[in-house]
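Following this message is one structure expressed as structure tokens.
We call the chains A, B, C and D, going by the order they appear; numbering starts again at 1 in every chain.
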Amino acid sequence: MIQPGLYQILFISTALFFIGIYGFFTRRNLITILMSVELVLNSVNLNFIAFNKYLWPNRLDGVFFTIFIIAIAAAEAATAIAIIINLYRSHQSIDVENAEEMKY
Amino acid sequence: MNEMLIIMKSELLITIIIFLLLFIKLGKGMTNDSLLILVQFLMLLNFIAGFFFNLPGNLFDGMYHTGPLIAFQKNILNLGVYLISLLFADWFRKSEHLTEFFILLLSALLGMFLMISSGNLLMFFLSLELATIPVAALANFDLDKKKSSEAAMKFILSSAFSSGILLFGISMVYGATGTLSFELLPAQLNGNPLQVLAFVFLFAAFAFKLSIVPFHLWTADVYEGSPVAVTAFLSVISKGSVSFIFLTALYKVFQPMNELWYNMVMILSIATMITGNLFALRQQNIKRFLAFSSIAQLGFILVGISSNALEGTSSVVYFVLIYVFSNLAAFGVTSVISSRVGKENIDEYRGLYQTNPFLCWVMALALFSLAGIPPTAGFFGKLFLLTAGASKANYTFIIIAALNMILSLYYYLKVIRAMFMEKNEKPIEKIRLYPSVKLGMVICAIGIILTGLLSWVFDYIQSLH
Amino acid sequence: MNLLLLILIPLFTAIAVLLMRNPQHIKWVALTGATTQFITALWLLLAYQNERAAGNHFQMLFEQRYNLFTSWHISFHLGVDGISTAMILLTAFVVIAGVLVSWKMTKMTKEFYFLLILLSLGAYGFFISLDLFILFFFLEIAVIPKYLLIGIWGSGNKEYSANKLALMLMGGSALVLVGLLGLYFNSPERTFDLIRLSEIGISTETQKICFPLLFIGFGVFTALFPFHTWVPDGHSSAPTAGSMFLAGISMKLGGYGCLRVATYLMPAGAKEYANIIIVLSSIAILYGAFTTLMQKDLKYMNAYSSVSHCGFVLLGISMLTKTSMTGAVMQMISHGLMTALFFAVIGMIYERTHTRQINEMSGLLKVMPFISTIFFIVGFCSLGLPGLSGFVAEMTIFMGSWEHPDAFHRIATIVACLSIVVTAVYILRAIGKTAMGPLKEGYANLTDASWNEKLAAVILVAGIIAIGCAPFWLNNLVGPDTQLIMQKILLTQ
Amino acid sequence: MPNVTYITLIPLLPMAGFIMLGIFGRKYFKNTSGIIGTVLLLISTMLAIHTAYGYFFEYGKLDGIYQKMIPLHYTWLEFSKGVSIDMGIILDPISVMMLVVVTFVSLMVHIYSLSYMKGEERFPTYYAFLGLFSFSMLGLVLSSNIFQIYIFWELVGVSSFLLIGYYYNKPNAVAACKKAFIVTRFADVGFLIGILILSFYAGTLDFNLLIQKLTSPEASEFKNAVTTSFLGLSGLTWGLILVFIGGAGKSAMFPLHIWLPDAMEGPTPVSALIHAATMVVAGVFLVARLFPVFSMSTTALNLISYVGIISALIAAIIACTQTDIKRILAFSTMSQIGFMMFALGVSGFGGENGIGFTASLFHLFTHALFKALLFLCAGTVIHYIHSNEVKDMGGLRKYLPITHISFLIACLSIAGIPPFSGFFSKEEILLAAFQHNIIIYFAALITSGLTAFYIFRLYFHIFWNKPAIVKSDHKREGGLSMILPLILLSIGAAVAGFIPFGHFVSSDGSTLENTLHIEFSIAPVILGLTGIFAAMWLYLKQNNRPQKIAASMSVLYNIVYRKFYIDELYLFVTKKILFKLVGRPAAWFDKNIVDGLVNLTGNATEYISNKIKVVQSGKVQQYAMYFLFGIIGLAVLFIYIWK
């Protein structure tokens, strides 16, 4: 079995990053948007792991960072979902296009 | 161990207060009014305590560090929070979830403290999130207002997005240098494209927090939708803390790339000032107006940051201190009027002077300070930012900055004009202020006048390095 | 003589005014303050002359220095020379007259007097500060009171005018600021101290950049063509005392700055750009005069004539001879007194006839002999009648300008000379239409000046005549200091 | 030695009167102000005569030459080293002579006005202004410094303005005083620039030094002034011409004379004082004062003589057609000053060459007397008839006998009929012109014929012609105060010619013998008599001959009657060109371009601000997009472009 090299992993993580961003830009549903953000965060996780493993195997910063990111992502998601629920209460919708009252 | 407790004194104190509030919340025995007085008292204590027993030091292998300057920065933030607790009493007394509000607020403050003190990108990231996520919840605090939840949504999504960007940047920094520590990073930086790219990502995340063009777009909407207290917190405390850590990041960590970031800061500063001013020009809603004006103010802070010298740090800290007074005063007046009579439009302020001269004078002082008109402290603040920025002898930059002061004066004068000059058949009726609000405003007014005229304040900040 | 008095007196007056409640008391407090200032200014003049007579040859007298913002090397450095003494005297005259003229102010009396005194505080501070930072501080202090004075108590299109004035002046001060920062960072030692800066000298390259910034910046204040458009609108919308302060004090801040900061510190820059400024100021003089010719509103007329007259100030400075600079200072003083008086008279007329349109008035001399006489005097001063201050100043400038033998300077001088005819035309037109002619119907019951108006007018007329009939004291006061500036200019190649 | 205090008091006394009456007159001296003013001036006059006596007969002469003395002199305003305005007193023949003339005529007018102006509401003001004028005129005469003379020059102008506009509620008077001031002001700019030029070359403003430096061919200042040239004329000439323009303006020389006829709107005694005897000759005085310098430039002198003769001729022609009694006198004044001017122009400097100089000032002297007399007589007539128009007059000789005689004496004098004073001075002028320039001589000859004609036309119109229409019931010729000046002046006008003027006043201070050439005088006297008889033929009795003549050359008559349309030309230039083509565009430019640019900046900012608002779309996803673009932009900029 061929070991994936750093670049392959970086490619994947970058692709994931942009997929996440693309999702963030194009989705209408707030939950999906939130999921896209999670994709971005996960791509970062991949990055950290990969760098840690391939470049700086004896410094564990990357791994720790990943763990913290996962935790933070959870907190963020929790808050975000709470907010979205509240938005749903007031707007009767979780479509991002319905929450564009404030502009200019 | 003892030493650690003293070094982390500010953070621990806040944690204690948070827990205290939690217990009070469980007890459920207090009315809003007495609770508010208690909170104000605690905030005052917290603020006063900030001046004593400050010990510089490093903790957790450099993850956390503090010093006189950082302690002073924390004091500024404490002062801001204390003023918030005073100035927005109108709104607090109506609020059903006062304790939660302060718990969340203090959590964010805790995050900011840790952020200022952080010595590692990991620590920085964690504290940044701690400083952000509770604020998103706070933004939603007017639970029944559509605008409030919209603002919170925009805030949380935008900051999640920016977190992603930040993290991606950090991961690249890690990949390129193998370290996340602020101490070790500078030695590894050599300006290769990957590092530049990583720096751009990091910079963008900072810029997002600081509302620097073109990463500022969330600001106005969030400010407008959130409760005024939250807006004030966002625009003053949050901006202040991020600019402090931004200073550390640029001056210490990314010092080897200073030519790069000087140009970046310059370009974005010009863009920020111009855009902020141009948008502010048109605003009718006073909160939105203040949002854009604070964007423009941030552009000025960038001018000071661009100096890359001791003076840069001092003048930014000094400016933030003044900014706390001025902007909070402005928001205080806004809040009183919006929560008493529900008016937030500049046009509706017409003829205010006939009925509420005190509010008008406070507002005028605040706006003059923001515009940089002597004898208010804002004049000195802005001037020192410009002076610091001018040390590179970049005349174009400074002229643009100086001309932007005029542009900003134009819209500040619009509010002044509405209050003092324009006639109104039915001006806002006379408002009787709560003592705490009055106290807060008086403190702000005194601060606005004296911070500038007492020149040792600046010299003191300068001596803290 | 403690120069701090000059700042402290208005400061305490302002605070006292703020603390008062009864409008009547406020007026008296303000008047007392203004009188004290006036006496202090006269005392300063005497003390100054005594010191000089006693052989004190320092450039600045009564120096005081308190460190302020030590990290920036800013110090609260005060001191006066002949030029600033003269300007302080002017300010004192205008302030007391301004306070007297607005005696009948009923709308927001407290705020009105507070702002007036604040404005005078800015002017005093500006004239005595020797540290550029402090100077700039006081310069800006004087801007916002003007805005509020016009915006709240003004008439006509007041909000527009107030805005325009504040923004243009702030624009000017922004340029000043940049110029100052340029000086600060390019001098070998970072300092804002005016005297120190002039001692250590400023490199020619810096001068070439900073001089136009500073000169244009200050020039906006003193109506440098084409940045003069705030003048007509601002003056015409302002309340009487506001116009007096604007034209009498505020515009002089710019002239003083052009001379003291721009020209004195940067002689090489001054030489480099003198010709451009001469062209601009000559245009301002003649063009301003012709524009005045077409004005129908008395206040607009005087405002445009101020553009023309202030052109003389700039012309005198940019001619770079000792005589012309002395003339420029004299013109500042003279124009300050004269135009303040002019606005006061216009205000008095307006209060009674409720119009400022030249064509709508006639024959006022019959019912208001005092006011009309003052109108005559001030008109004559404006058109340069000997015996009144305008003549002395203008002639000194002409003589100084004529010291250059080349055609360019000659033509500029002749252009400036020609303006005195045009001035005569518009002044006489205004006087002829308003004061003279048959009495208009309905004017028979108009009253003449009241005691406060008379006192104000007499004070200013006294100043005008004191300069006009005995210019030597002013010349001797100012001359040595312009000589110093000239020496610096002559030393640079 | 001259008594400085006395001399200083001569101008200062009237000044004191001005201050006192000007400030307190309305309140405290409502009726006594006339007496106060007159007494002050009387003292002045006596002091002046005392000074004149002292100067001419006691201490003025040194080695047979009248010296220029500067008994008092202090620095008033120092411009630069050596160049300063000094306030000083110069005593030389012309200034002393002028002192006497000015104080005397002024005194006459003061006395005359006591009854003439009685009952006027602004009686004290009138005397205050008279005091101001006397002060300024005396100061002008005594000036030792060219800038000092300019100062008083302007003050004289303003007193003239104030006095012409004395009847301020008459629109005509207002217009006239404005016109007078502005026209002379325009000329004064020339004077001012002339001063600047001369002082630049001489390096001083002091008359003595200036003359010294600019007349000695060896001095470097002189060489400089002569060698620099601009448009073909030397610097010196330019300076002199410009100074002369100033003089021409004040002295109402063509083409700057248009203000003088209108100035007759002032009270008649004022016209007598200012616009006949004293102020209008200031131009002549100025040229005389600087005559040594003028004599260095033939071009300037030629210009002066041509301007003088043209003015003299034109004014005389116009005077023949006018119907307003005061205007006729005004044109006559202009014509006579023209005589004085060209006399200066044809003169040389020193000794016998200077006959024109002496003649000019002699004429100035006699003219002051007879013209003041003419005006005062006219005043009496107007006072009596209440009209200025000659057609309202006629046959007044019985009603105003003293006036009639006085007027006749003055007329004969101005017509140059011996032995009245005008004859002597005019003869000298003609002689000087004859010696120097024959064209000017003939023109002057014609003019003096015309003079006789128009002045007698006036005389016959007033005192003969048709029978009197008398409506007036008050005292015929006013009180004693109105008659006394007439008598005194008549005596003067009759006998002043016998003064050996050349003994006192000459170009270089030496004595010049007056020689009367009988054979030379024949032509002018005959011409003068012809003029008188022509006038007699036309106007002694009421007839229609004048109308016939006027009709027969109606075009010409109209042109002359309209004063050669010079007023209209000026009106065209000022209204159409200055106001419409300069003033209005300047105002337009200021409002629309300069101000427009400022407003445009504001509007453009607002416009941009409105245009970019779409960025803030309210869509959180777009915000993120801008965020990303920002990053990409920065990355591209700093990685690839700006390293």
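Note that in this section a residue touches a chain if its C-beta (ideal position, glycine included) is under 8 Å from a C-beta of that chain, and two chains touch if they have at least 3 such contacts.
A quick note: this is a predicted structure, and the numbers were derived from the prediction, not measured.
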The chains touching both chain A and chain D are B
Geometric centre: closest chain by C-alpha means | C
More C-beta pairs touching across which pair, A-B or B-C?
-> A-B
When the C-alpha atoms of chain A and chain B are each averaged to a single point, how far apart are the two points in Å?
-> 27
Counting in whole Å, what is the centre-to-centre distance of chain B and chain C, each centre being its mean C-alpha position?
-> 42
With chain centres taken as the means of their Cα atoms, state the distance from chain B to chain D in Å.
-> 76
Could you grab the centroid distance between chain C and chain D? Build each centroid from C-alpha atoms only and quote it in angstrom.
-> 36
Junction residues of chain C - those touching two or more other chains | 167
In chain D, what residues contact two or more other chains?
-> 602, 613, 616, 618, 620, 624
For chain A, write out the residues touching at least two other chains, lowest number first.
-> 21, 24, 33, 96, 99-104
What chain-chain pairs meet the touch criterion?
-> A-B, A-D, B-C, B-D, C-D
Of all residues in chain C, those that touch chain D in their complex = 164, 167-168, 225-226, 228-229, 232-233, 287, 290-291, 293-295, 304, 321-323, 363, 365-366, 369, 380, 383-387, 391-392, 395-396, 398-400, 402-403, 405, 413-414, 417-418, 420-421, 424-425, 428-429, 432, 435-439, 470-472, 475, 479
Residues of chain A defined as touching chain B within the complex | 17, 20-21, 24, 30, 33-34, 37, 40-41, 43-44, 47-48, 51-52, 55-56, 59, 61-62, 64-65, 68-69, 72, 75-76, 79-80, 82-84, 86-87, 89-91, 96, 99-104
In the complex, the residues of chain A that touch chain D are 21, 24-26, 33, 96-97, 99-104
Chain B - residues contacting chain D, complex = 153-154, 157-158, 161-162, 165, 193, 196-197, 200-201, 203-204, 207-208, 214-215, 217-218, 220-221, 260, 263-264, 267, 275, 278-279, 281-282, 407, 410
Taking the complex as given, what residues does chain B use to touch chain C?
-> 311, 314, 368, 373-375, 379-380, 383-384, 386-387, 390-391, 393, 395, 398-399, 402-403, 405-406, 409-410, 413, 416-417, 420-422, 455, 458-459, 462
